[in-house]
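By written order: A, B, C, D, E and F. Residues from 1 in each chain.
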Amino acid sequence: MKRVDVLMEALPYIQQFHGKTVVVKLGGHAMIDSDTLDTVIQDLVLLHYVGMKVVIVHGGGPEITSKMKAMGKEPKFVGGLRITDLETLEIAQMVLVGKINDGIVSLIARFGAQGVGLSGNDGNMIIAKKISPKKVVVDDEEQEIDLGHVGDIEEINPELLEGLINKGYIPVIAPIGMDRKGHSLNVNADTAAGEIAIALKAYKFINMSDIDGIMNAGRTRTYHRLTISEAKSLINEGIIVGGMIPKLDACIKCLENGVSYAHIINGNKNHNLLLELFTREGIGTMIKKE
Amino acid sequence: MKRVDVLMEALPYIQQFHGKTVVVKLGGHAMIDSDTLDTVIQDLVLLHYVGMKVVIVHGGGPEITSKMKAMGKEPKFVGGLRITDLETLEIAQMVLVGKINDGIVSLIARFGAQGVGLSGNDGNMIIAKKISPKKVVVDDEEQEIDLGHVGDIEEINPELLEGLINKGYIPVIAPIGMDRKGHSLNVNADTAAGEIAIALKAYKFINMSDIDGIMNAGRTRTYHRLTISEAKSLINEGIIVGGMIPKLDACIKCLENGVSYAHIINGNKNHNLLLELFTREGIGTMIKKE
Amino acid sequence: MKRVDVLMEALPYIQQFHGKTVVVKLGGHAMIDSDTLDTVIQDLVLLHYVGMKVVIVHGGGPEITSKMKAMGKEPKFVGGLRITDLETLEIAQMVLVGKINDGIVSLIARFGAQGVGLSGNDGNMIIAKKISPKKVVVDDEEQEIDLGHVGDIEEINPELLEGLINKGYIPVIAPIGMDRKGHSLNVNADTAAGEIAIALKAYKFINMSDIDGIMNAGRTRTYHRLTISEAKSLINEGIIVGGMIPKLDACIKCLENGVSYAHIINGNKNHNLLLELFTREGIGTMIKKE
Amino acid sequence: MKRVDVLMEALPYIQQFHGKTVVVKLGGHAMIDSDTLDTVIQDLVLLHYVGMKVVIVHGGGPEITSKMKAMGKEPKFVGGLRITDLETLEIAQMVLVGKINDGIVSLIARFGAQGVGLSGNDGNMIIAKKISPKKVVVDDEEQEIDLGHVGDIEEINPELLEGLINKGYIPVIAPIGMDRKGHSLNVNADTAAGEIAIALKAYKFINMSDIDGIMNAGRTRTYHRLTISEAKSLINEGIIVGGMIPKLDACIKCLENGVSYAHIINGNKNHNLLLELFTREGIGTMIKKE
Amino acid sequence: MKRVDVLMEALPYIQQFHGKTVVVKLGGHAMIDSDTLDTVIQDLVLLHYVGMKVVIVHGGGPEITSKMKAMGKEPKFVGGLRITDLETLEIAQMVLVGKINDGIVSLIARFGAQGVGLSGNDGNMIIAKKISPKKVVVDDEEQEIDLGHVGDIEEINPELLEGLINKGYIPVIAPIGMDRKGHSLNVNADTAAGEIAIALKAYKFINMSDIDGIMNAGRTRTYHRLTISEAKSLINEGIIVGGMIPKLDACIKCLENGVSYAHIINGNKNHNLLLELFTREGIGTMIKKE
Amino acid sequence: MKRVDVLMEALPYIQQFHGKTVVVKLGGHAMIDSDTLDTVIQDLVLLHYVGMKVVIVHGGGPEITSKMKAMGKEPKFVGGLRITDLETLEIAQMVLVGKINDGIVSLIARFGAQGVGLSGNDGNMIIAKKISPKKVVVDDEEQEIDLGHVGDIEEINPELLEGLINKGYIPVIAPIGMDRKGHSLNVNADTAAGEIAIALKAYKFINMSDIDGIMNAGRTRTYHRLTISEAKSLINEGIIVGGMIPKLDACIKCLENGVSYAHIINGNKNHNLLLELFTREGIGTMIKKE
C-alpha cells in the first residue's frame, strides 16, 4: 500500500510535467562510475515513461584525459588552458561519441526505452565557430594562444531533435559541434545543453553535476528554491561566489530565453533526480523566473 | 527515498502497459459511495498519466432504483425480472447519463485529466435490439413477459471512442444503447464493457465490483492468476460455482476475442486497481489466455 | 419538377453556407413538444447534410421545474430569482444531460446523422465561476442572496468541439459549466450558445425561441433584416423595448466578436429554420454587422 | 413552404449519396446546346454541394465534325468507320480539350463550384494503345483499314483524380488517351467514363445521352429499374435489341467491377438528373447488381 | 569520366535549387518549332528530377494567328491593337488549351515526368477583368476601341497549383483568365507567369523568349548579371531602351514581390536553360535584388 | 555544352532511380584514405540530391587494428579467428562510432547534405545474439573458442531509419549490434548492410570494396551483368571460386528477399559509383533477379 501512496503523491507532478521537454546535462562522476550512471539513466527512463520528453546532453572531460594518457598522448595546457590539437580532437570524439554516448544509448535500451545517440554533426545540429586565440600570461609574458579545435556555439538546428522526440526516442547528445565548412570542434557540454534547452523551448533544464546545488560562500547552506532576482541579489551581495556563479548564469540564461525551470542537482546520489522533481521541497537548487 | 523505490518498482509495469488500452467496468458500491469513487477515479487518472488509454464503462442499478422510489415510481418485477417501461427508461437515462456519468466526468476534471461522457446514442456507438419476451413462471403458470425497453447489444461502432482516446480524452460510457430506429434501450453494463473492450482491441478488461476476485465454492480461496483452461477446469470440476461463472465467462469471451488480460477486482478497497496492476502477485483475479 | 426548382433555388444558399459553422440555441416550446422538436432536428440534419457544421446548444428550464415538482421538490425563488441548491442542481443535470440532451442525440440518429451529447464538463469545455450573491429586496429589506450552484462563463475550450465537428459529428451541448475545481454549475443556455459561437468563430448564431423575431414595442412589426447600428438606433429611439433588448444584445455581442450573422426565429413553426436560411426575405430577424 | 417539403423529401437521398463518387458521362445534344448544358452543369454543382464527389467525362463527336468542316477538312470514313489522321486528331484535341472541356470548367465556376479540366495526358491518366487495323468490306472487297490515331484504353491512373476530388474540385475529363510513348490518341468517351468509374470505385455511373432510358424493341416501354440478371434476360429473349445492347453492356461491366449503380438518362430534358436521383421511381433507367 | 566531372560541377547548383519553385514562361520560337520545344521540355524534366518544383506558363500568339487564317477568320487590328471577338477567343482557347497546352503535357510524359495542363479557369486560378476600352488614333481621329475578350489579371488563386506541385506534378498553364462571372478572357502570358511566380513565392522566374538577354541600345553587349538598382540606372541613363524595358520591368516586379531571381534567356538555343542555371557566368541575363 | 549533354544522358537513370532506396556498404581502402572517401561521399551526396534515398553502412577493420596497436593492445587471434574481449570491443566502438561514423557524417555536411550517424544501439536498430563458440584446431588439437563480444544479427528494426530517410537525412550506420539485454556486440558490416537493405526493401544494394567486381578464377574477366541463375552456374562450374563466392552469396540473399539490384564495385577508383549507376555497361558487377 505504501507503493500506492507514493504513486498518488507523485501524480500531481506527473500531471504538471506531462508532455513537457526536459533537457538534462549529465556530467561529473556519473560519467565515470557505471553504477551511478545506471541509476541516473533508470530515472530518466522513468521520466520518459510517465510522459516527459527527455533529451540528454553529456560531458566526458576526465574520460578523455585518461584515454589520452592510455594512448601515450600527453594533454597539453598553456597558462591553464587545454590545447586541442587534431589528435586530441580525434580522441575526444572517439571517447565522447564512440564510448560514452553509445554507452548511454545501450543503457537506455537496457532499461526499456529507445535512445538515439547524436553528435552536433548529425543533422547539422550544433553549428560552432573556432574560438579566437586567448591572451594568456606565460612566464610573465602575455602570449596569444590558439586553443585549437574548440568552438563557440553559433546556432542550434533543432529539427532533427524535434523529429526524434515526437517519435518517442530519447536523444543523447555528445558535445561536438561543426563549423560551417563541416569541420568538427569540441564544444562545452554545459553551454551545449543550455542552448539546446533554449532551442527546444524546454520546460526544464537540469544540470547534474557533483555538487548538491547552489551554496553560499561558506558552503553552510544550500538554496533549494530561487528566483532570478534572488539569485542575482545573492551574487551582488557576495553571498554566492566563485564557481557557483557561472553555473547560476547558465541557468539564468535559459530562464531568460523561454525555459521555465532550471535545476542544479548532484547526480551522484541515488535517485536525486526523482527526489528533486517529485517532492515539493526538492533536494538540489531550482531556479525559476519569479 | 521510499517514494523513489516505489516508482522504480512500478517502472516495468508502466513500460509494459504504455500506450495500451484499458477498459474498466465500474460497478457496485463505488457507484453509491463518493469517497470510494474518488479513489477509483484518482487511480484511473494516474493510469492515464503514466501512458495508458483508459476507457470507463459504468453501471448504476441501485441508484436507479432509489431515484425511482424518490420519484414515487415503484420498480416492477415479474418472476424476478425487472420490467422497464418508458417511464423507467427515462429515469434510468437521467440517472445514468445525467447524474452518474456526468459526475464521473467532473471527478476526472477535478483530478486533472479530461473526460468525455457518452451514452450509446452518441456517434451510434452501441447498437442494440429490444430483447425478446422471456418465459417466466408466475403463480405456477408460465407466462411470456415483455421486459420492455431493454436491449441486447448487436454492434459497437468504436470510431467515436478511438477519436477521443487518440486526442487524450478519457471516455466515460453509460450503458444506454440504441436500436436501428434511434430508440434508446437499457443495456447490461458488464456486457457493454466487454463488447467495447473487444471492439477497441483493448489490452486489458478490468471488472471492478464488490467481490475480491474469483473464489471457490466455499469462498475459502481467491484465485489470483488463472488461464482460460484452468478457469474452465475449475468450473467443470464444480470448484467454481454460482454467480462466479457468468463473471468468468464474460472475461473468457474478451480473451477469446483479442483482449490480452481480464481482471476481476474489488473496487471498494483503496487503490486495489493500482495494486492489481503494479504488483506481481496482484490482489484480485487476473485471467489470461494461456 | 417542383422539387427540382426548389433545389435549384436553394443552391445559392447551400453554396454560401458550405463548410460554415452554425451554432443553434434550441429553447422554448420545442424543448417540451416532441413533434416540434422532431421538425427542428430534421431541419438541422438537413443543414448538416448540405455541408454546414451544426452545433446545438439547448435549454430546458420548464422541464426542470416540472421534474422537480414530480420529485416533490418545490422550486424556491427569492425576490424573483431561482435558488439552485445542490439537490436542484442534481435534478437540473439529470434533466438537461440525461433526458433532453441524450434525447436530442437519439433524434439526430433517427434522422440519419450522428450526434454527440456533451455537458460543459466534457473536455473542460465550459469553465464557469459561481456567481456572486445578488442584492434583492425582500419584504422591503435589501438582502444579499446566494443563488447557489449557478455560474458565469469564464472561458470556452473549443478543442473537443472542433475535433468532433471535423469528424462529421453534430455536438449537442447542455448548459452545465464547471468551475476550476471540477464542480458543476448551472449556466445560462443563451449565454453558453453565444460564447460557443464566438469561440468556434461560427458563421451564424441562431437563437430559436417562442417569438417570431425582433418586434417593435407594439408588436405590430417584425424586423427581418437589421444591421448593428440600425438595431442600436431602434433601441435608443425606444422603438424596441423590454425583453427584446437582451436578445438583441446577445446577438450584437456575437457579431462584434467574429460571428457573421445572428438570427432570432420562432422554433415552433414548421421548418422556420429552413425558411429563414433558404429564402431572401427570411421569416425571423437576421442581424449582421453592417 | 413547398420549398421546405421538397428539401425534406430529398433528405434521405442526400444522406444515402453523401460522400459517394458519381461519374457522369455527358454526351449527345447537351454538348451542342448551351441552355441544356447550363442546366446539366447546374444540377451537377448541386450534387457537389449536397456532398457527392462528382467526376465529369464528356464526348463531343458532332462538334468535332462541324469544326473540321469549318476548317475545310473533310471527315473521312471507310466502310462506315471514321479515319483519324494526325490533322483530325489535332482538331479533335482542340475542340475537346480547348473548347468543350475548358467551357464546362468555366460553367462550373459560373455556378459556384471549382472544376479542373483534364485530358488523359494529364498525370498519365488514360493509358491507351493504338487500335489494330479493322477488316472492312469496301467495294465488295475486304480491306484492312488503319483507323489512325484512335486508342483502346489499357489502364487508368486515378491518383490525380483522387487528389483533386479529395480537395473538393470537380474533375472534367476529355476523351483523349496517351500511349506509353506519350502520343495522344482519341478514345471512346463512354468507355473512358466507365473505366474511370471502375478505377475510382464509384458509387454511381451515370450515362447522359439523348434517349430516355433502356427501352424494348418497339420503344413502347422504358425500363426504370433493372437488375443485371433481368437485363440479361431481356437481351436473351430479344426484347431489348440493337443500340440498347452496348449501352446496357457498358453499365453491366461497371456493376461487375465494383460500381454500385448505373443510370442511363436523357440529358436533354430539364433536371432529369435530379429527378432520377432524388425520386423513388426515377425517370430513366437504373441498373443495379441484384 | 567526363560525365562524372560534369555531374560533380552541377552538384552545387542542384543543392542550391533543391526543393525550390521555378516558374518558366515559354514563348517565342519554341511554341512553333517542335525540335526546340522538345529540348526545352527535356531540360525542364531534368530540373524536375534533380529536385526543383517546375511550373510552366506558355504563350502562343503566332500559332493562334496562323490557325485563325486556316479557319478563314482574318485577325482584326485597330490602331495596332488586336481585337478579340468571341470567335477569336474561341480559336485562341482551342489553340492554347487544346493544342499547345495539351501538347506540352504529352511531351512531359514522353520525357518521363507527369504534367497537368491547366487554364486559368481551372480551380478559379486566374481571376481577370475585361480591360477598359483603349483610346486609339485611327485616321487622325481618336477613337475609343473595345478590345473585346481580353483581361487584366486581378488575382491568382494558387491552391490548385500548390496541391499539384506538392504531389510531384508539373503544372502547365495556358494564358486564359476568367472574370468573376465565369467568362473566359485572354490574358497576357508574360504577366500571367510573373503573377503566378509571385503568388507561389517562387525562387526563380525564367522568361524564355527569342532574345539572348538584356542588351544595350546598340545590341553590342548582353548584361549577364544585374541587380535591380543597376538595371534601373541603365534605363535611366538611356543605355537600355525600347522593348528591353518592359521585360526588365516584369522581372523587377517579381523581385520586388518575393521572387529571388529573374532570368531572361533565349529558348531557341539548345539547352540554354541548363547553361544559365548550372554555370557561374550564365548565358542570358539574371537579375537579383541586390 | 558537354556538361549539358552529360546531364541529358544521365536523365533516364535519374528518373529510374528517383525516390528509390539505395543501401551502400563502404569498406576497404576508402575507410583509410581520406581522398578516396571524399570522392565517394561526394558521389553519394549527388545521388541524394538527384532523388535517391541513400543509406550508408561502413566497416573499419584495419582502422580498429591500427588503433589497438597505437593503444598498446595486441590483437589476438586463435586459429585465424579474432578474439574480441571487452577492451577490444570498446576500442572497436570508439573507432567505428566515434571516428569513422562521425567523420562520414561531417563529410556529408561538408558536401552539402545532412547525415545522421547511428550504431545498431540507436532505436534498437540491430538486434544481435552473441555467436556460439567455434571449433578451431590449435596445435593439432580441436578446441572450442569463445570469440567474445561478436554477434549474429537476429532482427533489424527499420522504423528509426525510415523516419530519418523520409525527412531527408542520410543515415550512416556503424556495424555495432545489441543483444536483447542491451549489451553491444561487434557485427559483420557486410551482413549488416545486406540485412538493412532487405529490411528497408531497398531498390539497390551496393557493396563498395577493393575489387573491381566479380571475376573468374584466373582474374582475366570481370562479369559486369549477371542474373542469379548465371551467377549460380558460374559457381557450380567452378569458374567463380574462393572469396568471390561469399560476396556473390550476400548479393543473392538480398535479391531473393526483395532487393531489385545488387552491385559490387571498386570504391577506390574515382567516381566508380556514378559510372556504375549512370552508364549502361557499368564498371563493376550488377546482379539482378533474372
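We adopt the following convention: a contact is a pair of C-beta atoms (placed from the backbone, for glycine too) under 8 Å apart; a residue touches a chain by one contact, two chains touch by 3 or more.
The UniProt protein names, listed by chain, are A, B, C, D, E, F = Acetylglutamate kinase.
The structure presented is a predicted model; accordingly, all values stated were derived computationally and were not measured.
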Chains contacting each of chain C (Acetylglutamate kinase) and chain D (Acetylglutamate kinase), listed by label: none
Self-contact between copies chain D (Acetylglutamate kinase) and chain E (Acetylglutamate kinase), residue sets same or different by half: same
Chain centre separation in whole Å, for chain B (Acetylglutamate kinase) relative to chain A (Acetylglutamate kinase) (CA means): 48
Distance between chain centroids, defined by C-alpha means - chain A (Acetylglutamate kinase), chain D (Acetylglutamate kinase) (Å): 68
Distance from chain C (Acetylglutamate kinase) to chain A (Acetylglutamate kinase) - Cα centre to Cα centre, in angstrom: 55
For chain C (Acetylglutamate kinase), residues that touch 2 or more chains besides their own: 111
Chain-level touch network, classified as line, ring, star, complete or other: ring
Round-the-ring chain order [start: chain B (Acetylglutamate kinase); next: chain C (Acetylglutamate kinase)]: B, C, D, E, F, A
Residue ranges of chain C (Acetylglutamate kinase) touching chain B (Acetylglutamate kinase) (in the complex, touch as defined): 70-72, 90, 93-99, 101-102, 105-107, 109-111, 114-119, 121-124, 159-160, 163-164, 167, 169, 176, 178, 181-184
Touching residues (chain side chain E (Acetylglutamate kinase), partner chain F (Acetylglutamate kinase)) in the complex: 1-4, 6-12, 14-15, 18, 42, 45-46, 49-51, 111-113, 270-271, 274-275, 278-279
